């Protein structure tokens, strides 16, 4: 089966990016929007067509889905074995990601027509969106790890451009800068990881790397340092890169600030697609993680679990609705990462892997929906703070219903999709590591609580005085909401275990009720607490926060991680390293050079006196030197 | 050892030369210094006579004692007040110069005293005007026509140069003042 | 006439005169006296030339002619030097060597 | 006429034509025409080179021409090019072409400015085509000396000081270099026979190790000073800050590459044993200077100083790649030369244009310029992204080749240094984004900036040319890699033979 046409999926947005970007001021916004959306629609259709062909028509070997290289061309030649190729790799996860990216991207394109209407930089916005879609497609279909890194950087920069979209707002500029630098910092480790990995395995190619029977996977077993093997180090370094993009603790600090960008951007990049790149990366390299570096996989599991707990706690204390969603995203990605961490390779062991991908899929749908819904709310009331909202269910019926569905989904209420994916993750954790299982269970409850806190504060609670009556968003905005709500509700019924598994073979799974029932109950408890606290104006939350004042303030200030970073960067790096280096360069290094010049000048000045122009002085020196020389010679020769 | 008249003559000349040389370089009145120089030059001419180079002695008297000293005296009259006394010279300078000169004199003298000069055994030449004139204009061996010509050109050049330098050039001076 | 006087005597007279001239050259500050010191130096050299010629090589006249040439050169030198001195005097109203320092700096 | 000699002749003729120009308009017209011809000529050269190679000509140097210059000393005027020189020539012609346009409106002494500028470029072209060390050195000096006039007369700020410092330090480098080159010359014929300055001839000779070890530091540091080798880089910030726009472009863009090119072509190629023995010292120096330069840039306020320190960092990477002695890293270093050349020229052009509008280079006095001069702003952002190594632009290709190549080195020492050098990519991001954030983004700080005009055509032309070059290398790096091709092999083989 020929899949070569799949290169069109990334190429089309790229061409549109170039066109809109270069013609920026010369074309009408409507043209830009229709071009962007139209191009995306083509990619969308192609993605679904590809998925259909791949999952249902392609040739399976021994019942397993094969990795298909649809296209591959050498782009940059390093050595005979190491070269960056640009190509398209199709396997279950990349095809699934194509679906996710194209769906969310198309929805956001449509949504933005309404949301960004009348904005100065409308064309710019669409060109950046296209750039992002191009990069993200390129990332998911990467055939080798270096291609992934290339597009990894490109998504990073698109994210930077889109966060800083309102570039005249200092907070947006700061946020975009922060996002880029923090992820760049993580990417540095990614790059080092790639170098170490390629040094031991001699290849960048994913298929060679992840071939469980190949030789690459067994390389680098020797101990490097700190008791871990080279391969473990390489993979941990690579994972740090993934953690940076996926906002895992401790490199998560950019994600909440990234909410300075326009809301559709948050939905697309910072909820559904780019932030799961880290998960995707680990999934991509999963066989190596599992087979040759289980230590690294344990790190992955614990980082994920801790991040999900950490983020969930912060999310309960925030008032900015987009920030709550941002922390929620971080928490949910923590889930996916953990799921990978507790998974094994192949067969029933691989349920965590499948669950992670499943959750990635459902999360993309419902989190995008939540963000777009939040965007509709913000569009209506022009504020981000939930304290200035309330009772909006009357004004925004469609938003209200879709938002409620999304909240139920994320809370894990059956039969919505979130229930299925989260349940699989808990099952995997239950069988693998009980500590993680309990953490995740607790986080499930917290999730339900903070989501419904959000929901009740926005749509119920006391209605504040609005300056002008909020009104429902236009159809271009509500359509994506409805579409995504549909996806969020029903995607749980997709037979993921048959399609996306670690070794390509279908799994046979059934709900494990001893895990599912506690999960559902925890979720319901969370919802009920939120209902009690926030359905009507209530003083209980204040009292609780008063009683837990210390801890509350700690969580409210995001555990002071930002301050810690500020301290490290500004006080230590800027003042402790950079300023001394600047000083050192100007005064010591340059001072030495200038000193040499000064010394020359000084010498010249001091011997200038000899050259007085006084003939008699010269004469004296001449005569006495001549005599001394004569005496010296005579004594030397004759005595 | 018997003292001959020649020896007495020599000692007188030598004494005159040395005493007046010292006076020339130490006198604080410039015109006197010039006069002392004249005596030195005349005594030198005497030494030439003793060495039987009469022509040379005559040249010395006319050119040196006559010409150059007169030239010097003229320039003194043009540039200095006769009654003017020089400022005393700083002691450091005097002592340093004296030491250098004395060291040089002792060194060279000791060399001369120790060195065994060997005279040629060839027959002495009788120096008369004919030989001098022929040698000066001869271009054969023992002929000096080339240095003679060179020296004449040098004299001419010096003469022209002296005139050009000493000529008053007002505009040039003004220009230089302007530049300052 | 000179039988009883060794060559060295002449040479020593010349040497002493030479260094007296040098002493004068180093100490005097008036340009004209410096010129006179130079004349002394030239003269001392002449005495040496002539004496050596007479005592050691009476068969030729090299020293003799050299002396003549030196006298000629001394004459031209004196002429040029005095021209320069007069020019300097015009410009600086002094012929003190230490005052003539426009080339310095 | 040999095409290589034409490359030197065209600038000379341009200078001659400018001498007859009547007014400023004619002057810049002649310069523009001359340099356009030069650009076309280099394009033809690239084409000829590629066709020749495809036709199967495997000589190390192509289009070789040889004239005896000083017969008694056996100095020749020998020219010839391989892939590396062709790439450098293409770079130079692009930069000088754009440099002429950015100096479209020099205020005083128009004619003299263009003459000096073009003489400088003559030197650079001559340097890249020479394969005789003497000719090479001669052209090197021709390239360095007009710098003094260009900075001293048309500069700004502490221009006399900077010009003097730059010239003296570069001359000190030349002096060291002279020792090195003469030393090599003296040992170019160990078995008797005439001494030679010809690179290819000397490469066949084995110079004794002791001699090599003595000469290598002279040669490498001599070229290294021009290539901003730490700690001899301090002329660069002052020099760049004071130089007029086109001069900064040419200097950082091309002249500093002379250092890297020379270090590679002379020091590494002719003294391979010493290079292997002593490279660790210079590797530490360059590896540190990559990080050090980046840190130095973080704290600067003057745009040109930021760029100068960033050049220190990037040029450090060039020498770093060259010293690594793997083919990949060396190819990377060559690409980095070209990439950094174009990139930094773009930066300096933009800084000059921004300065021409705001009359300040202090970033904290500016802000929000993106709104008023979007063209320049966008160009600056693209330059910045290229500088911090964004894929699709040239910087990424070069850096990755160097990093991957260096990390393939069998020694742990080299790999550790590579990791240290890699940290610079984060710091680079910090200072680039800091500048972009303060300078271009945010609210407009000063009301009279609202009246600023965006770029005119003669400003757009060079900037678009440069951006296109950056993007072309970034998108299709394989073309450049192919062009360089096996030209590196002789050097690498020679260096690896000793291992």
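Per-chain numbering from 1; labels A, B, C and D assigned in written order.
One rule holds for everything that comes next: a contact is a pair of C-beta atoms (placed from the backbone, for glycine too) under 8 Å apart; a residue touches a chain by one contact, two chains touch by 3 or more.
Here the structure is a predicted model, which is why all the values come from computation and not from measurement.
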item: Centre-most chain [mean C-alpha coordinates]; value: D
item: Between chain D and chain C, distance of the C-alpha-averaged centres to the nearest whole Å; value: 65
item: Chain centre separation in whole Å, for chain B relative to chain A (CA means); value: 102
item: Chain A and chain C: spacing of chain centres that average the CA atoms, whole Å; value: 97
item: Whole-Å gap separating chain B and chain D, where each centre is the average of the chain's CA atoms; value: 69
item: Residues of chain D whose C-beta touches two or more other chains; value: none
item: Residues of chain B engaged with two or more neighbouring chains; value: 96-97, 100-101, 104
item: Multi-partner residues of chain A (at least 2 other chains); value: 620, 623
item: Those chain pairs that satisfy the touch definition; value: A-B, A-C, A-D, B-C
item: Touching residues (chain side chain A, partner chain D) in the complex; value: 74-79, 82, 84, 146, 149-151, 153-154, 157, 160, 164, 167-170, 173-174, 177, 180-181, 184-185, 187-188, 191-192, 195-196, 198-199, 574, 577-579, 581-582, 585, 589-590, 592-594, 597
item: Chain A - residues contacting chain C, complex; value: 612-616, 619-620, 623
item: Residues of chain B touching chain C in the complex; value: 1, 4, 6-7, 10, 14, 17-18, 21-22, 24-26, 30, 33-34, 37, 40-41, 44, 47-48, 50-53, 56, 59-60, 63-64, 67-68, 71-72, 74-76, 78-80, 86-87, 89, 93-94, 96-98, 100-102, 104-105, 108-109, 112-113, 117-120, 122-125, 127, 131-132, 135-136, 142, 144, 147, 151, 154-155, 157-159, 161-163, 165-166, 168, 173
item: Interface residues, chain D side, partner chain A - complex; value: 165, 168-169, 230-235, 237-238, 292, 295-296, 298-300, 309, 327-328, 368, 370-371, 385, 388-392, 396-397, 400-401, 403-405, 407-408, 415, 418-419, 422-423, 425-426, 429-430, 433-434, 437, 440-444, 477-478, 481
item: Interface residues, chain C side, partner chain B - complex; value: 1-5, 7-13, 15-24, 26-30, 32-33, 35-37, 39-40, 43, 46-47, 50-51, 54-61, 64-65, 67-69, 71-80, 82-87, 89-91, 95
